[in-house]
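Note that subunit A is present in both complexes that follow, paired respectively with subunit B and with subunit C.
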Partner chain A sequence: MRSNDTDFRLSAQLGFQPLEKPRPRPALRRIARARPPKFAPRRGAWLTWMFLAPAVVLVGAMMYYPMIGTVVESFYSTSFINPHPQFVGLALYKKVFASGEFGQIVWNSCIWTVFVVLFQNLIGFLTALLLNQRLPTTGLMRSLVLLPWILPGVVGAILWRFMDDPQLGLINSFLLSLGLVDHGVAWLASTSTAMAAAIGAAVWKGFPFSTVIYLAALQNVDQEQIESAIIDGAGRVQRIVHVVLPSMREVIAINLVLTTILTFNYFDMIWVLTRGGPENATHIFPTKIYELGFGEFRFGEAATYGVFSILVLALLIAAYFLIQRSGLRWRTR
Partner chain B sequence: MRNAVALATVLGGLALPASASAEDIVLKFWDNQQTESGLSQYQKEAVKSFEAANPGIKVEVTTIPYPEYQQRLLTAVQGGNAPDVSTIDQIWVAAFAEAGAIDPLDDLANKAGVKADAFFPGAWASANYGGKLWGIPFNVDVWQFSFYNADLLKAAGVEPQSIATFDGLAAAGKKLTGNGKYGIGLFAHKGEDTVVVMDSFIFSNGGKVLNDDGSCGLTSPASVGALKYLQSLAPYAPQGVANAASGDMRELFLNGSLAIEFWPALEQPTLQKSKLNWDFVDGTAPAGKKSIGTFGGWNLVMYKSSPHMDAVWKFIQYLTREDVNGKVVDLIPANVKAADAFLKANRKGPDRILEQLNNAAPRPLSPHYLEVSNIEVALAQDVYGGMDPAQAAAKACKAIDAVK
Partner chain C sequence: MSATIKPLVGKAGLTLLQIALAFVILLPFFWMVSVSLKPPTEPFAIPARLWPQNPTLDNYVTAFRPEFRTYFVNSLIVSLSTVAITVGLALPAAYSFTRAQTRLVFAIMGLVVAAQMFPASAIIIPIYKMMKGAGLLNTYVSLVIAYVTITLPVAIWMLRGFLARLPIELDEAAAIDGAGPLRTFIAIIVPLCRPGIVATAVFVLIVTWQEFLFALSFTSTRDMRTLPVGMNDFIGQYGIRYGELMASSVLISLPVVAVFFLLQRQFVAGVTAGAVKG
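The block that comes next holds the complex of A and B.
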């Protein structure tokens, strides 16, 4: 319930000028003086909770219940053939750590996430700079650039499987026609090239997302600052480094965190391209969890990998909020 | 009140198929589809005949594409929503039995006179685990037949029958590889096709994947010999063996750049539609020995959670009958007599296929089979990747023996 004071302040904020600040009526004055009981709920709070309740229940049931269930399951030996959970404490964690595979999956996940995020954002930013120019075909190019992003993930992955094919693939045909190789290279079948090939495909699929975000940010860069820089004699690169990038730093930081979370969780591209092979060279957390859970019915171990995945994502989400908060501070300075 | 009655009527109608009355038993039957053969339609037609012959029993058929089947069935069983009856892959039988998801069928089979000799030996063996019968063989096939491009073999001066022996196949591979053509379509991606082909070479060379006591048998001289042999074939295969699947080899075979591909008889309908001059031989074995293929196929099982055991058993018997089995499968009927008629009507070289089916061996019957299978895929990738086969086998055995 809004008081007259609030109405007055609101009117002032909105730019209306009330003739004079209205004086509270005597009865209302008494009510205003009376302090509410310490633990009495305010009517507004009930209303807030009523509106929030469906979302809270939904998020709790669909997100937090399975997440807590995953953590609990990681302490139990559960598999399809042993459906009655047996408490084993940290035994599954010890087993996972000792397997040797865990280290490789952590390493693969880091390489995958770092390079996909790096190139996706770099190419996304450069493309955004290009599309921010006033060219006759800019509208068409903006639409075309989005194409990889709007393709379903599995379709994009199948496309790249064909592109990378050593016998029939477009990439090898191109390299052979240029004389750069003397036979088709099996990009996805070699432990030394499979991860790079998968990263390339993921960057192609994901860079339009970064482009869209950066393009929106570029259009908000203060033109007066750029014009001042031009007058001061700054070249194109100097303008980008000293004017454009600093004014986009908040967007860049949030985009980096968001694409890191999305990439760390990326499943379909690697699953369709290599299923984590050859010799586990491209196995990352999501593919390993799927393989253990649905390929081998080992739910307990899948949950253990899931817990590590949740921890990493929790750190990234915390980073996201920290950046967002510091961004608010930058703005208010 | 009238609205409540109307609502109850509508909800009641939604709960049961349109033709089912409240007294009818409704069986949920799940199967997977591996080919574009219109299986779902054939099964629905067969179900109509079953329903006509068994008043009071209705069957809901759910046909799921093969790649999704394992996940959907597993999720349903784990979540307590199992169908009444379904097909399960031969390699899942032990796990489903250990999980307590399915019922043994020994008593029912004995009473009804359902016997092993009506089915292929390897298929019947795949339905038995721990001394009990857990399913009735529904359909079968065998990995692998060596399909060859007769024109390419002729041009290279290779006698087709020679590729049925280890030495002959290696010699043919050498002659057939070059000028943009490849001799032998090997593959080692993460998939069961990789495992069954490797198993077939191991079986044919006298080796085993698991010994009778459940320990790993891959380090035996016969098994390592087969792995060495497979490694020696790698130079005659298209690049990228480690990420290649049987489907990739099919594409190369169909466009005429691959001379020999490994597939089960399931491949024939695809080849029949092509313009290739093709034929096949039964697998490959050392000279003087007979090739032993790896059995593939599906068994019908009854879920413990089903309240309609009698109706389920009637339905299983019906689907595996000689006159019905051939009409409701997209592989080869598991019923031997039905298979004979099916192969004569639909496949080239029916006698050769029957011979290979009668001689095939099932994959290891272990509740941990899926883990063993993944270890075997890693073994294949190690071997084709150039690792010493004895070392690769020792590494695989260490992993297999650690599986609990």
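The block that comes next holds the complex of A and C.
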């Protein structure tokens, strides 16, 4: 057992390297082969279910059941003045649809998600390429790069509120000293710049995660293929386009969908930066739901927005699993 | 001649790019620490000065007020309980997930793992009402239940990545040596999975330490608030007393940053194992 143990731990300590499957000692293998492995799955079937039960029950009761609850909730109307739920059928959907707010929130959510995901993955991929080079600073940079991601979201948001401050912020100081603006700009207070400022802050906070995933994937790229591409006279860019990117197709697709889901759900950054303001300019689904539900006690309308975001997420999750299944098929071929 | 110089120039250029990247990542951090060390009047200098002229710890002394200490203790209790319970539930579940290769288990666990992508905001109202009905609002229990639920699917997914790499022959050899299924799990699988457990625990800690939405909705009194919610309150209370705000930010970030740097290798291996290998 000893050698397995150390093998496994050693490979785990390689950090960015993928974990090697530990090889069983020859003696173990002989014993395993001597008996048909058929009995293994049957043995301890009771334990399988005992092990699974707590997780299944908890996730079922706290995530799937409330999802039904949200749909039910969307048929009942409540307000601050009248807190007793009243059945109103589809009236809340009509109300929400008819209001111009709904359209704006769909639009904001799209802009927010598309740009954060795009920049986060683009910058993440480029920095992964950069950190995949053998340079004196590489080791240190690999440690530092995750810092924004582990920083608590609320702290990150407060930090960027400060960076964007019209009088005291570093960004305005910088732009002023370059002469690009003639007075401090209140980035978060203007309807035309607030969303861009929020997107910038979210990208800064989120890109390191993509970097780490892409870095690990880059180290899985077949080195022989790259070497033969070099022999064929392929330059740096050609190698990336023709060898690296195709072999990372699956990881990139999965990561794109995953960051889309996480960004669409991301509440902390916008809530602390702007609370959805000014004039709804930065309200996205999660912040609007929170404001309607816990700010105005209009649980029904909040649930109506919730149902829409569940539908969007269901589509994205389906995409995620389709990509992953097709990925599994590519590998086994 | 040029054949030896060219790669050197390229390397120097790339190193410069890495330094530029470090600058982009670290500048806001540096600014945070710098402002936290400035005496209350100094952040108002225009244009902003990067280095504090008269560094002082005054802001830390004022930031470490009694309510901050309460929030800190609350965060600690909730986070550590969540880490222990989540890992304790996820490890057996992930083990069964990898060992029982039946369609039913796969389907059920697929649903469990998919739950990590649910929008918390969309289901928070029914959960809030459930907690209210059970009389658990404004307690540690409500937060721990919510946090275990949101971290469990990811934890199972991460641990599955580790457990799938342990060969089934191990279980079979243990069975031949006379160990029952439960003993096999406790005596053989759990010790071998230590790196995975560490990585998962760090991940769960980072997630719960910063969780904001549930904490904001479920806690109504000051004595139950966690650090992120407390920080959010500080913004309004202090107006633009950024020095104190930045000092508390540094204090909140220190525990997770320290844990991360201590256990970094295992953590990164754990996060990427599930994502890259699928």
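Following the convention adopted for this analysis, the second predicted complex is superposed on the first by the 277 of 333 C-alpha atoms of A that agree within 3 Å, B and C clash if a C-alpha of one lies under 4 Å from a C-alpha of the other, contacts with A are read in each partner's own complex, and residues count from 1 in each chain.
In the analysis below, a contact is a pair of C-beta atoms (placed from the backbone, for glycine too) under 8 Å apart; a residue touches a chain by one contact, two chains touch by 3 or more.
Everything quoted here is computed from the prediction, not taken from an experiment.
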item	value
Touch count on subunit A, higher of subunit B and subunit C	C
First (subunit B), second (subunit C), both or neither touched by A:Pro166	first
First (subunit B), second (subunit C), both or neither touched by A:Lys94	neither
First, second, both or neither for A:Ala186, with subunit B first and subunit C second	first
Partner chain(s) touched by A:Phe294 [first = subunit B, second = subunit C, both, neither]	both
First, second, both or neither for A:Met62, with subunit B first and subunit C second	second
Which superposed partner A:Arg275 touches (first subunit B, second subunit C, both, neither)	first
Set intersection of subunit A contacts, subunit C complex versus subunit B complex	165, 167-168, 294
Subunit A - residues contacting subunit B, complex	80-83, 165-168, 183-186, 188-191, 194, 274-280, 291, 294-298
Subunit A residues touching subunit C - in the complex, by the definition given at the top	1, 4-5, 8-9, 12-24, 28-29, 31-32, 35, 37, 39-41, 43-45, 47-52, 54-56, 58-59, 62-67, 69-70, 73, 127, 130-131, 133, 135-138, 140-141, 143-148, 150-155, 158-163, 165, 167-170, 173, 176-177, 204, 208, 212-213, 215-217, 220, 250-251, 254-255, 258, 261-262, 264-265, 267-268, 271-272, 285-287, 289-290, 293-294, 299, 302-303, 305-307, 309-310, 313, 316-317, 320-321, 324, 327-328
Residues of subunit B defined as touching subunit A within the complex	70-71, 74, 77-78, 95, 98-100, 188-191, 238-244, 248, 251-252, 255, 257, 367-368, 370-371, 374, 377-378, 381-382, 385
For the subunit C and subunit A complex, residues of the former touching the latter	11, 14-15, 17-19, 21-22, 24-29, 31-32, 35, 43-44, 46-48, 89-90, 92-93, 95-97, 99-102, 105, 108-112, 114-115, 117-130, 145-146, 148-149, 152-153, 156, 162, 165-173, 175-176, 180-182, 185, 188, 191-192, 194-196, 206, 209-210, 212-213, 216-217, 227-228, 231-232, 235, 240, 242, 245-246, 249, 252-253, 256-257, 260-261, 264-266, 268-269, 271-273, 275-278
